[in-house]
Amino acid sequence: MKLELRGITKRFGALVANDHIDLVVQPGEIHCLLGENGAGKSTLMNVLYGLYDADEGEVLLDDEVVHFAGPGDAMAAGIGMVHQHFMLVPVFTVAENVMLGHEPTRGGGRLDLEAARAKVVEISERFGFHVDPDAIVEDLPVGVQQRVEIIKALSREAQVLIFDEPTAVLTPQETDELMGIMRQLKADGAAIVFITHKLREVREVADRITVVRRGAVVGEAKPGSSDAELASLMVGRSVELTVAKDAPRYSDAKLEVKDLEIVDPDGLVLVDDVSFTVRGGEVLVVAGVQGNGQTELADALLGLVTPSAGSITLDGTELVGRSVRDFLGQGIGFVPEDRGVDGLVGTFTVAENLILDRIYGPPFVKAGSLQLRARDEFARAAVEEFDIRTQGIDQPAGRLSGGNQQKVVLARELSRELRLFVACQPTRGVDVGSIEFIHKRIVATRDAGVPVIVVATELDEALALGDRILVMYRGRIVGIVPATTPRDVLGLMMAGIAPEGSEAA
Amino acid sequence: MSAPEDRPAVPAESPAAEDVARKRTEEPENRWSVAFREIVGGSWGVSVGAVILAIIAGSIMIVATDEGVRAASGYFFGRPGDLLAAAGGAISDAYSALFRGAVWDYRADSFAESIRPLMVSLNYATPLIGSGLGLAVGFRAGLFNIGGQGQMIFAAIGAGWIGFALQLPWPLHMLLAMVVGILAGALWAGIAGLLKALTGAHEVITTIMLNHTAYYLLFFLLATPGLLQAPGSANPKTPAMLESAQMPKLLGSGYHLHLGFLFALAAVVFTWWLMERSKLGLTFRAVGENPHAARVAGIDVSRTTVWVMVVSGALVGLAGVTQVLGTSVTGFSTDVDAGMGFDAITVALLGRSSPLGVLAAAILFGGFRAGGATMQAAEGIPIEIVTVIQSLIVLFIAAPPLVRAILRLPKPGQTPRRKAAQPAKEVAA
Amino acid sequence: MSAQTAVRSDDASVSSTLRHVTVTSKKYPVVFTFMSVVLGLILLAAPREGETKFRFSAESDFFVIPSISVPAMRVAWVCLAILVLATITSWVLYARERRTPLVLGIVFAFAFLAGFLSWGGAGSVSDFPVVRLISASVLLAVPILFGALGGAIGERAGVVNIAIEGQLLASAFVAAVVGSITKNPWAGLVAALVAGALVALVLGAFTITYRVNQVIVGVVLNVLVLGLTSFMYTQVLMKNADQLNRTVRFPSLPIPLISEVPIIGPALFRQSIIVYLMYLAVPLVWFALYRTRWGLRLRAVGEHPLAADTVGIKVERTRYRALLIAGAVVGFGGAYYTLVSVSAFNRNMTAGAGFIALAAVIFGKWDPVRAALAALLFGFASALEGAMSVVGSPVPSQFMLMLPYVVTLFAVAGLVGRSRAPAASGIPYVKE
Amino acid sequence: MKTKLRLAAVGAAAVLTLAACATPPEATPTTPAASETETSTETETTEPPAAAVEGFRPCIVSDAGGFDDKSFNQLSFEGLERAANELGVEFGQVQSNSDADFKNNLESLVATDCTLITSVGFALSAATVESALANTELNYVLVDDAADNDFDGNVDAPNIKPLLYDTAQAAFLAGYLAAGFSEAGKVGTFGGMPFPTVTIFMDGFKQGVEHYNEVNGAEVQVIGFEGGDQGSFTGGFEANQDARNVADGIIDQGVDVILPVGGPIYQSALDSIADSGRDIALIGVDADFFVTDPSTADVVLTSILKQMDVSVYDAVIAASSGEFDPTPYVGTLENGGVGIAPLHNFESKVDAALVAEVEQLKADIISGAVTVTSYLNQ
């Protein structure tokens, strides 16, 4: 089926998210929509999918104008979408999620679970997915969850498939597999829209590339274009693609983690016998596919979870069993994985968020009372220093863009006297400009002699930032390797295969 | 409330120029224009509309119960004017009685007499302020404290016992009774907080159960000689509070209003300071808005939960204390809470959980309670009508679009506002 | 390669390859210890004499099981011994990092009850009718159970229903009026369902369409319904009680054969149609929620409305429908008041049952079956209070009246603990 | 958006419709309830009321029970309403929701120029005294309390007439009658809440049964009351499943006479009796149920009368002609303020000898030969 968008314009109040965008996708073609976070790609696709009404313009399927009142219409017309934030009900099983909205029933509205299971098995066998139809979605690794999304789209015989930033949460291997799946779908005659900001992937699979910036199409690129060409087209200026950093100057071992074990309430061992050390002036990247224990390990480094065994010592002080506040008091800076959930109170102002973990004494609290002047002075300075784009320090933090939210968290954590800095996926969902900024700050922290731990799921980031890379798999350390390790070796490690001669776990 | 003179006259020629202008005049522009808009097109208009709508609904009920109207409706087709006149008369009689009972008795001879209803309203508002603040603190911290009844009862037990059983000079006696009462309220709420912190038991369940438990416990204490029961009496009622424990009347014995009202006002200020300016309040709000982020920021969520309930219970306790030491000084019985624990939920919600909002809502409700009695006494209007009007007001205030739709009020912010653009950015991101 | 990240039963899933250790909780032993101490203190502080009689059959039973008399204190001490043994076992298991089996909890509960009842009924002329205890538990639970089912449906769809109390009261009122006018309980029942749904409609209009805070609307609706029904009761019903407030109640319909089964038969199967409907309602609601298309969509809307929207489910419409059905379910509970329990409406006759139902919803972790069990537990505690007061137990009546609430408090704190609401419950769905 | 508005309009309309339903049916001017009360009371007082003095305005304030409590508030209200109607004067009424309302409600009545204010219930005692002392030119009637809050044995204000009822005396007779009537040898009672005004019925009833046992060497048992505050209580004054449960529990013990005390909860007992399928007699309280609620005609053995309507009526009539007499009134068997109602349908079922014994017992109580204890004479 051929998909065509003509002059799509979508406004949110004064903001023009999509400005007369035209796009044509032919059957059997992968059309890449390349653009930064916030360029309006997702908005465009949500218009196409019937989630938003376009203010102007029209959608054509096989040269006929169609109008979608909601996603139901879009799906019925043969459009499927794999959402960036998975549209899966976490407590449902795979089969339930796949059938939701077009459930096979036996008489009286009874669900035909058998049929739904069979469908899941059938599709997953067709593409070699290996997905258990009865697994609860929230228990599945993200990679598998994404397959469920794809199965969901395919189960409705979608002929136009939209992939919205699908690789953000995948391992390199999983990404490769996804590329394979996309090619397979293309061969089956599907029209595919592939939304991303990752240049490597674009060059790998795209048949055509459309670049959007600030809501408008800025041009088409050939699949053969270089990274630098694509990047400058996307951002509008030339971009530094690597992180500039000096050789590390290590001091003594500062952080020592020994035989750490973390058990969840059901008795699953999420972090299993993990030991490592980090020296001052060193960035240790904890790499791995999401859900392999890195989150819990990082949480333990702030006392958010109490390990069932093992020790964490910082400069010789044992921290296990202490409260989060004690951890903070020891000079640990922490950037959580999901800033919206763990990093910020969205309804609080920027100023309030900037002091949120510094309220245990002067200068921001005296005699139980908040010191507004000190707070606001600090906030203004931080906004300046970290280039936080906000209308003012009284703006609710939740209203900021992702990159600026992350800068608020970073500003709060880095403006304290630190003895350890832990950053979990610090650049997730952040625009290119902010990524550069955040990377620079992390490197600066390292250069100041602070031991730094970065949890990363993207190999690019791991390689760019790390001095050493610790790879975790199923709660255990696969190996700790230097940052010069080749990508494919790291990829294998992330899948649990230890290379010859790596540091002992 | 004046016209927004401070509004910048800088024409927005280019976005950049507008940006600069905005930055420079940010504070005054915000404050004045927002207030102006709210009064004209926004929430004030809606509030007035809500009251009007609720009063119309109340009128229907008033007309339905009025004898004169019923008589006139018997011969409606003969003389329709009579029915309308009777209905109009009944409605205006009822609402003027409400006004006379709640705000200003224009029939009274002297100013001193005329102002008395307002004092009655404020007196009724006193416990609603305390309990409303208590619940509001809970709401802001994400806890739904339905336990106002139990906490007020416990405060009453504590304050009441001190109030008649000890011999101390004023004001020491009163202050001691207050402290004990407030602590008792805090303790009873703290149980729910502790249970939540330790076992995760949902506060809605525990506070409901604690309400009933406190009620029967009070009943037991009142019915058992030697405990709270007035000596020599068989009735479940306490003796009168000793003079030294009472909250003196503020304007002489002719008026209801007592010192408790000032304490309630102090509680408004305190709560504002607590929630907006104190460290503890910041942790309360952080836990309420986003417990995950609060934890990461080093805030002990469980401990904060207990503290929230304790503070909430203490404020509700203040309401119980003012009832016992100020309003029902002749002794109290099992319904000392007077349904305030539940009314407080509405008050807190109507006041949007802000201290000033709670104050306003409490005075509104106090006025209804005071005026309701006059409406009944003078016009024989059933008291339930007041309840209905009250709840309709809250419903309508809570749903501005509905009020606008019915009354065809203009929508606020017809001119594009900056705020409108904000969520869009998020969407686009 | 893919086999390692994907999940399949033959291949090892992530969870199965993770090491597993046993986690034990101190909850059971602590609760056991507490309860044992309580009974021990009661027995020591207030020993009583005489025998306690337990009756196991109703008067009209086909099979009559003889009543038994037991020496009260001796039995009570034996029960206490059992409690102590169970407590010790539980601590030992905890020390050995093993979980206390549910069976032990059930044994403990029974022993505690038997001990407490033996003590309470000592020397009384009255006996403990075990059959009645069971039937009263069920009957006292009826409005709460229907309320809880309705509440669970609403919350599953993402609407917190604080207005259960209002729905119960409104439907009790309407059932009384319509039932009295028509002299037909069926008409009253239908009217009650409509009334319940109508209150739900108002709730829906404000919360779904106007996105008003669901708690506000619920709380206010309770007040509104109480005001309106009290108003109508005093202004209309009281003046025409014969025509407007005297219903013909549903008769009790013994079910042939099973109603003759000892103990259970007379307790559970000599009831009115609404009680039988309740027996059916629990599995039916469970089935509807978990096994039908309606239920799947409803739960999806309550957990992740955006996801539901993206697959073409109309979120608001689904919520409205769920609320209306939930309101009708609550309506059954309201009808019970005036069409089964008592033949007339009176002011505020629900007396807070809706709030207990709300507690049952949470207690039951938003699951219809568990919520029903929670309602039954409350019913049981109330029934126990009634039975104890009839035998003239030495506990002051105020404390007896407290019993159901204290039991619930302990059950919630001791046994249930943290619960997880449907993710989108209480949050209006805003689609820009 | 249009559909949304429409939906909301429907919702609002639903609310308004509910409100509009409140219109009482105009076609039925004489309501049975009202006419019954009239007939019941008219038989008891026959003297025509004197003309009221200029400006006489009787008023009444309830306690938290409200005027529809089917108990003292309602009866007092009916007495006042009848007096006012006969006098052709307007009257004022205020219903209290709680303790906190008493003072203001009394003041509201004072402000509407009431000349006689009737307060119902012990809870209003202190507030009434306060109001009476502040408004010495007005008259007050206080139902069910001695208006003696300092317990010196005297009424605290000179312009209050306390109305008290030694209901235990009447309940004693009912207990004796019930014990004699019972074939099962078991009679039962339960109350709404353990208030003294409730337990006094249960207490007198129990004493009556015990007296019967003593006199006749019988062993009739009382189920549901142990004395003091211990007994079966429903925990409220609503006729609902809680009340049903308590009634069912007592009936299940095999009683054949039951005395429910506390406003509407007798309705639960009534339905409980109906569902038990047995012949169980019910004893009414406050008013003669046979008259006030004809649906009880087949089961009501007798009623323990507490003639609040009559004494309030009498007090109002007296005050209307300027003859207000603040002497405390204690309703007893002797002055007819309390008593037991005729047996009506049970006349044929009760042994004439037993009726005679009850009559004799009444005389003995009046003469003091038999003493009945209650909180009023302790």
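In order of appearance the chains are A, B, C and D, and numbering begins at 1 in each one.
Rule of thumb we're sticking to: a contact is a pair of C-beta atoms (placed from the backbone, for glycine too) under 8 Å apart; a residue touches a chain by one contact, two chains touch by 3 or more.
Keep in mind that what you see is a predicted model, and the values were worked out from it rather than measured.
> Of all the other chains, whose mean CA position lies farthest from chain A?
Checked the centroid distances; the maximum from chain A is D.
> Go through A-C and A-B and name the pair with more C-beta contacts between its chains.
A-C
> Averaged over CA atoms, how far is the centre of chain A from the centre of chain B? Could you give it in whole Å?
45
> Using Cα averages as centroids, what's the distance between chain C and chain D in whole Å?
That pair's centroid distance is 35 Å.
> Indicate the whole-number Å distance between the mean C-alpha point of chain A and the mean C-alpha point of chain D.
A distance of 73 Å separates the two centres.
> Would you please write down the residue numbers of chain B that are in contact with two or more other chains?
If we look for residues of chain B contacting two or more partner chains, we find 61, 64-65, 216, 219, 223-224, 382, 388, 392, 399, 401-402, 423-424, 427.
> Give me the residue numbers in chain C that touch at least two other chains, ranges are fine.
Only 206, 210, 224, 228, 231, 234-235, 396, 398, 401, 432 qualify.
> Could you check chain A for residues that touch two or more other chains and list them?
12
> Which pairs of chains touch each other?
Pairs satisfying the touch definition: A-B, A-C, B-C, B-D, C-D.
> Under the touch definition given earlier, write down the residues of chain C that touch chain A in their complex.
So the residues of chain C touching chain A come out as 1-9, 11, 13-15, 17-23, 291-294, 296-297, 299-300, 303-304, 306-314, 423, 431-432.
> Please name which positions on chain C make contact with chain D in the complex.
It is residues 125-127, 129, 132, 136, 139-140, 142-143, 198, 201-202, 204-206, 209-210, 224, 228, 231-236, 238-243, 246, 249, 252, 320, 336-337, 341-344, 346-351, 353, 382-383, 386-387, 389-390, 392, 394, 396-398, 401 of chain C that touch chain D.
> What residues on chain A touch chain B, complex-wise?
So the residues of chain A touching chain B come out as 11-15, 17, 37-38, 40, 42-43, 215, 302, 304, 323-325, 327-328, 334, 336, 341-348, 352, 356-357, 359-360, 365, 368-370, 372, 391-392, 398-399, 401-402, 429.
> Mind listing the chain B positions that touch chain D in their complex?
57, 60-61, 64-65, 70, 73-74, 101, 105, 120, 123-124, 127, 216, 219, 223-224, 230-237, 240, 256, 323, 327-328, 330-333, 335-340, 369-370, 373-374, 376-378, 380, 382-383, 388, 392, 399, 401-402, 405-406
> Which residues, counting only chain A, touch chain C once they are in their complex?
The contact residues of chain A facing chain C are 12, 49, 51-52, 70-73, 75-76, 81, 83, 86-92, 96, 99-103, 105, 108-111, 128-132, 135, 139-141, 143-144, 147, 152, 171, 173-174, 177, 263, 265-270, 272, 289, 291, 308, 474-475, 495-496.
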